[in-house]
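Chain lettering (A, B, C and D) follows the sequence in which the chains are written, and residue indices restart at 1 in each chain.
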Amino acid sequence: MARRVRAFIEEVVTPHEDAHDGDIEAAGGESLRRELQGQARERGLLTPHGPRALGGLGLGMAQRAAVFEEAGRSLFGPLALNINAPDEGNVHLLEHVATDEQQRQFLAPLVRGETRSAFAMTEPSPGAGSDPAQLLTEATRDGDAWVIEGHKHFITGADGAAFHIVMARTGGAPGRAGGATMFLVPADTPGVRLVRHLGTQDRSMLGGHCEIRYESVRVGHDAVLGEVDEGFRYAQVRLGPARMTHVMRWTGAAQRAHEVAVRYAAGRRSFGSSIADQGLAQQLIADNEIDLAATRALLGEACRQLDAGERASHITSVTKTFAAEALHRVVDRAVQLCGGLGVTSDLPVARIAREIRPFRIYDGPSEVHRWSIARRAVRAHGQTSP
Amino acid sequence: MARRVRAFIEEVVTPHEDAHDGDIEAAGGESLRRELQGQARERGLLTPHGPRALGGLGLGMAQRAAVFEEAGRSLFGPLALNINAPDEGNVHLLEHVATDEQQRQFLAPLVRGETRSAFAMTEPSPGAGSDPAQLLTEATRDGDAWVIEGHKHFITGADGAAFHIVMARTGGAPGRAGGATMFLVPADTPGVRLVRHLGTQDRSMLGGHCEIRYESVRVGHDAVLGEVDEGFRYAQVRLGPARMTHVMRWTGAAQRAHEVAVRYAAGRRSFGSSIADQGLAQQLIADNEIDLAATRALLGEACRQLDAGERASHITSVTKTFAAEALHRVVDRAVQLCGGLGVTSDLPVARIAREIRPFRIYDGPSEVHRWSIARRAVRAHGQTSP
Amino acid sequence: MARRVRAFIEEVVTPHEDAHDGDIEAAGGESLRRELQGQARERGLLTPHGPRALGGLGLGMAQRAAVFEEAGRSLFGPLALNINAPDEGNVHLLEHVATDEQQRQFLAPLVRGETRSAFAMTEPSPGAGSDPAQLLTEATRDGDAWVIEGHKHFITGADGAAFHIVMARTGGAPGRAGGATMFLVPADTPGVRLVRHLGTQDRSMLGGHCEIRYESVRVGHDAVLGEVDEGFRYAQVRLGPARMTHVMRWTGAAQRAHEVAVRYAAGRRSFGSSIADQGLAQQLIADNEIDLAATRALLGEACRQLDAGERASHITSVTKTFAAEALHRVVDRAVQLCGGLGVTSDLPVARIAREIRPFRIYDGPSEVHRWSIARRAVRAHGQTSP
Amino acid sequence: MARRVRAFIEEVVTPHEDAHDGDIEAAGGESLRRELQGQARERGLLTPHGPRALGGLGLGMAQRAAVFEEAGRSLFGPLALNINAPDEGNVHLLEHVATDEQQRQFLAPLVRGETRSAFAMTEPSPGAGSDPAQLLTEATRDGDAWVIEGHKHFITGADGAAFHIVMARTGGAPGRAGGATMFLVPADTPGVRLVRHLGTQDRSMLGGHCEIRYESVRVGHDAVLGEVDEGFRYAQVRLGPARMTHVMRWTGAAQRAHEVAVRYAAGRRSFGSSIADQGLAQQLIADNEIDLAATRALLGEACRQLDAGERASHITSVTKTFAAEALHRVVDRAVQLCGGLGVTSDLPVARIAREIRPFRIYDGPSEVHRWSIARRAVRAHGQTSP
């Protein structure tokens, strides 16, 4: 299947990306999505991670790795296969937590590529950024309904999404964990206000990264996803796999940048020999190979743990942190290998660099991951005898 | 004077940059240049490195360091002070090599900010990239005139420049050093053709980075800058100082990014304390301080050698290489310190990152500098007794 | 089994290491080896990778990983389990290439821990260092015998070894590949001369790293290991697994250093809190966790390929290079976490640092591995379309 | 003068170091010190930083840089010139704080090379390590005398020192700053007990790094150095210059390692060319040149500030941190360039690596320096407008 994905991406998807320097809106936006997903559907490649019962292909984590990586070779590839963030993670979450009725209403059209969705968790300061305990968005019970009041930003894909999964405080005090609930909120519910698109440097995410206000948004009790006050636990369910599918997609992008750079360097001569045969270029090339191999090896280990039903917090955190930095280095070295053309739109490396940079921040900055990795290590080894 | 430049930049220049995310064309292009340079002239800050006889302020290299760094705090600052590449380096070159008549015709209006200029050296593959010996552009004598035939790219500022300094082969064979001559070519000379703007990721350079063809361009012998066949030697005259003024300007940009990030981190709380008081942020902040201090220290040493009349090839190459990488790290850490907002246009750090990245490639990629640094070291120490 | 090895190492082996700062000669040398291997034999832990037919435990590569890592937690652990270099790799080589008679004479006592062995390949300049093609040691046919003439150094464990596996040129010219043969040479053969122990910084290898001369050493044709002129091919058979078992052992040593450091940092207070809770220490701790996890993940992938019968040159080269550098970083950070005591013999970290440093050079310096990794990448991607 | 020092070191000092792998005790210890310092005295090179009035040469900080670097080219060089830690810093301290009588008794023989001294500040946990406020050693007034009670470790040079400068608490509570006093304590005062030498990996410091107990040590009031309760302030007087002279000495050692490595690489062939002409070696060589140049540039800036009478806390902390790490990298790369011989005593690089490693911990670990550098940056920029 990975081979079929590779062919589809190369033949159908990449040309659109190349023609518009990876800017999804410039390339057609929603209408391009429908066109590409249509072709993926015809080739039997759409929503490979979705539940089979709803039309997906039901791939497990380890199986996804190769397929998602191939999709990631084009910045528009994940969208084409309907495995883009946040839809991909939302499918996973709804599959595990939503009621049958919720699945019918929200999940099924998502799997079929008819709708898009958003996951509304991150808040502007002083709300929930890296520290979810600071959650300020609140949902209060009003008879049979809930009223949501809050402010979110960096809500990926929100512009055009059919519904939002909104994390809101339903108990406890801000600054303390506990007491969060997830709500399924159709985007056209009164009070859902798209404030603006954040001017992020990446431009390949359909629907952008949005700032949203929820102003007295009223939803019924059937909008509660799973149990009340269990939102943080469900976020964990979504988190591990979502981190890993990010890594899969970006591995594909970095691999492409690496290949472009090696080919470029092999074809260009300077100081009497091919650049790719010169030692300082060889260092860049070898370091790329090493970083890519280590990323895939960690990813494989994390997928095995996830497929075995483990929560895998440590390995997914370690893998996300390593991969975000390693893949960024790979793309940066690819830019360097391409010389002046590496910072232009003549080659895809500059745009891949632009798109991948935020991965060291999105989904938890490396610093926050390191902080929790260290704390786990101190718990594990702080008392052992050497 | 540095203090006056700081005030000018903050009050007058930065607002234009901030309003247009550092895109010089969007901000007004040539007309903004005239406006900003007009104000710099009124404040007595224009062309601080230009010869006094022509209206400049005559600062030496060490004196320039502080002034240029302040200008660099805005991406439009160097343009506002008329110390932008390539004009800044061209002023230096013309001051040292041009005849009186050439100075009157080309240098004087440049110093006064009436014109802009280009320096046409770099060629697309297989021509002169990092390796000047591969120079393919050719000038042939035809009676009293020269006819230039060639193809250049990455010619900064060429769109709108009044004249080009064109490096062309006048002797020897491609792949061998020697036999290059510089020509002063008015941009409106028949045969000078602007092919396109390269789609570089940086957007703050007025006139862009252009691809140019010289198609049977005919100039008189008085267009020769200095002596025939001495072009590579003059390029060296220009090179050392030009490398260092790049470092000065980028130090200012990186310092600004650092300050923005520290202020942001100091004001944002997470996990119960200010981000700036958390160890992993402290590491980023401290490393920035160290990289900035080391860059300035190397720059100071290089300027002392240049002011003492030395060629300073080794120290300027070392300083350029270190600074391009260190300042890139500084800005990258600043992005990281600002979290999600660090990759948006809400703060200036993302745009500074976009603009500074090519510095590791422009003016000689780090790899080529390292290659020549190593060869010099082997010559110096390969035979010494330990 | 890994758990039993852990207990054996902690209870029996580590105390000897700690009492003599990891110096195997000071700790008893050959007599300590016999004592420790005796206890390993009693516990059923001796020679876990050796063929079952000869008394080994027959573990495959993936199975070895956990066991060897546990052994590596003490610098004397690999010796205690009879899985030290070069014996461990020689067992592997002889199992695959030696005749029955050679196995009876050389391999069987090795598996039983009765003898030790050496692998004599590396030569002093201008002979075979990183580049095997420079092999200068020569074996010439003389009737039914071979006469070996040559000079080797860094021959690990040679002092006290019962026999040497000697690589010698039997065809072709120095500087060209091809034409090498391996010979089984009993150490007491006339003409085998131990010149000296090299004064290496590591001190835990029994038998040291020796300089050896082979002066008209005469052996019968039955001393030929495998086929004449196939020596380089057999070296490859030995190489992949031997690289990976190095990684396994050193992972154990680095893991121990990490745990010692975390425990130390958790117990020491400075500036009002535990060092381990301070951010700059957390960075060191987290980076150690990441490097250890990535090393194990790469190792796992390499073992899977080797167990599947692949030659696995690329992945073992990548893994060796990454691991040697990553584990060195881990130990270096552990030293740093322990502050002043980290550079004393009060804690094991300084001695682990001393022992692990050469791993970036032994078995191919990182630079040579990178060179071949890059060349493979250019072959793979130099012509592909992006 | 630097040239004369270079000659002295090469001709007289280095042979002793080379003959004993940098182990000062093995090389002769105190008697070697007297012999080498005698020859330095004859050549007019002894105690170049000491006050002229007492027989020193009175060099300022900037002048010391070149001289101390030359001395540092041999691990025994600083001892030979009487500029070793801690004597070198103690001379500086006594010159600025001691009374005439104290100078006559303690400083004068130190400058003449007749005695050695110790600086007793660092305490084992939970006392004063990186955090001086945790000072536990106490001095209590008893009539006209003081009684010192305490426990110190890492007291460099204490074995054989004529006197100790002991930092003891005379006011305030442990865990709080303030209330420390320095005492001049002859080593033969009853109650001064050398517990042991710490088993540090470095072996070139005469007198070792000792653990000392002060058991009811009784000294007169004239033993107070400067004013009571001003000890921490005087420690600052000593600190800045002492940090910088460490950098000077280690720059010399690293420069020697670099030169040895370049020469080795230039002379050794592999894969058909000189190692030094291969790109991956060129990277190591170039990075060494860059690190050495940046270290010297920072050092120059710090010396200028110190010579101008500034306290220079920030720049000396930045320089110490950068230099300790950069010079360690230089030596580590030098080891790598020398291949197998780089980890033996055949070349000096392994021993320089052994000696320089602790510099990242001694005199404040890099982590503690970074912590204070970051805090200063937050104070400076946390409130500025960007």
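One rule holds in what follows: a contact is a pair of C-beta atoms (placed from the backbone, for glycine too) under 8 Å apart; a residue touches a chain by one contact, two chains touch by 3 or more.
The structure displayed is predicted, hence computed values, not measured ones.
Steps from subunit A to subunit C, taking the shortest chain of touch contacts, total 1. More contacting C-beta pairs link the chains of B-D than the other of the two pairs B-D and B-C. With centres computed as the average of Cα coordinates, no chain lies farther from subunit D than A. The geometric centre of subunit C is 38 Å away from that of subunit D, both derived from CA atoms. If you average the Cα atoms of subunit B and of subunit C, the two centres end up 51 Å apart. Centre-to-centre separation of subunit B and subunit D, using mean CA positions: 41 Å.
Looking at subunit A, residues 278-283, 370-371 sit in touch with two or more other chains. By the touch criterion given at the top, residues 256, 258-260, 262-263, 265-267, 276-277, 279, 281-283, 285-290, 293-294, 296-298, 300-301, 314-315, 318-319, 321-322, 347-348, 369-371, 373-378, 381-386 of subunit D touch subunit B in their complex.
On the subunit D side of its complex with subunit C, the touching residues are 21, 122, 125-126, 129-131, 134, 153-154, 175, 198-202, 268-272, 278, 280-281, 284, 335-336, 339-340, 342-346, 350, 353-354, 357-358, 360-362, 365-368, 370-371.
Residue ranges on subunit B touching subunit C, taken from their complex, read 278-283.
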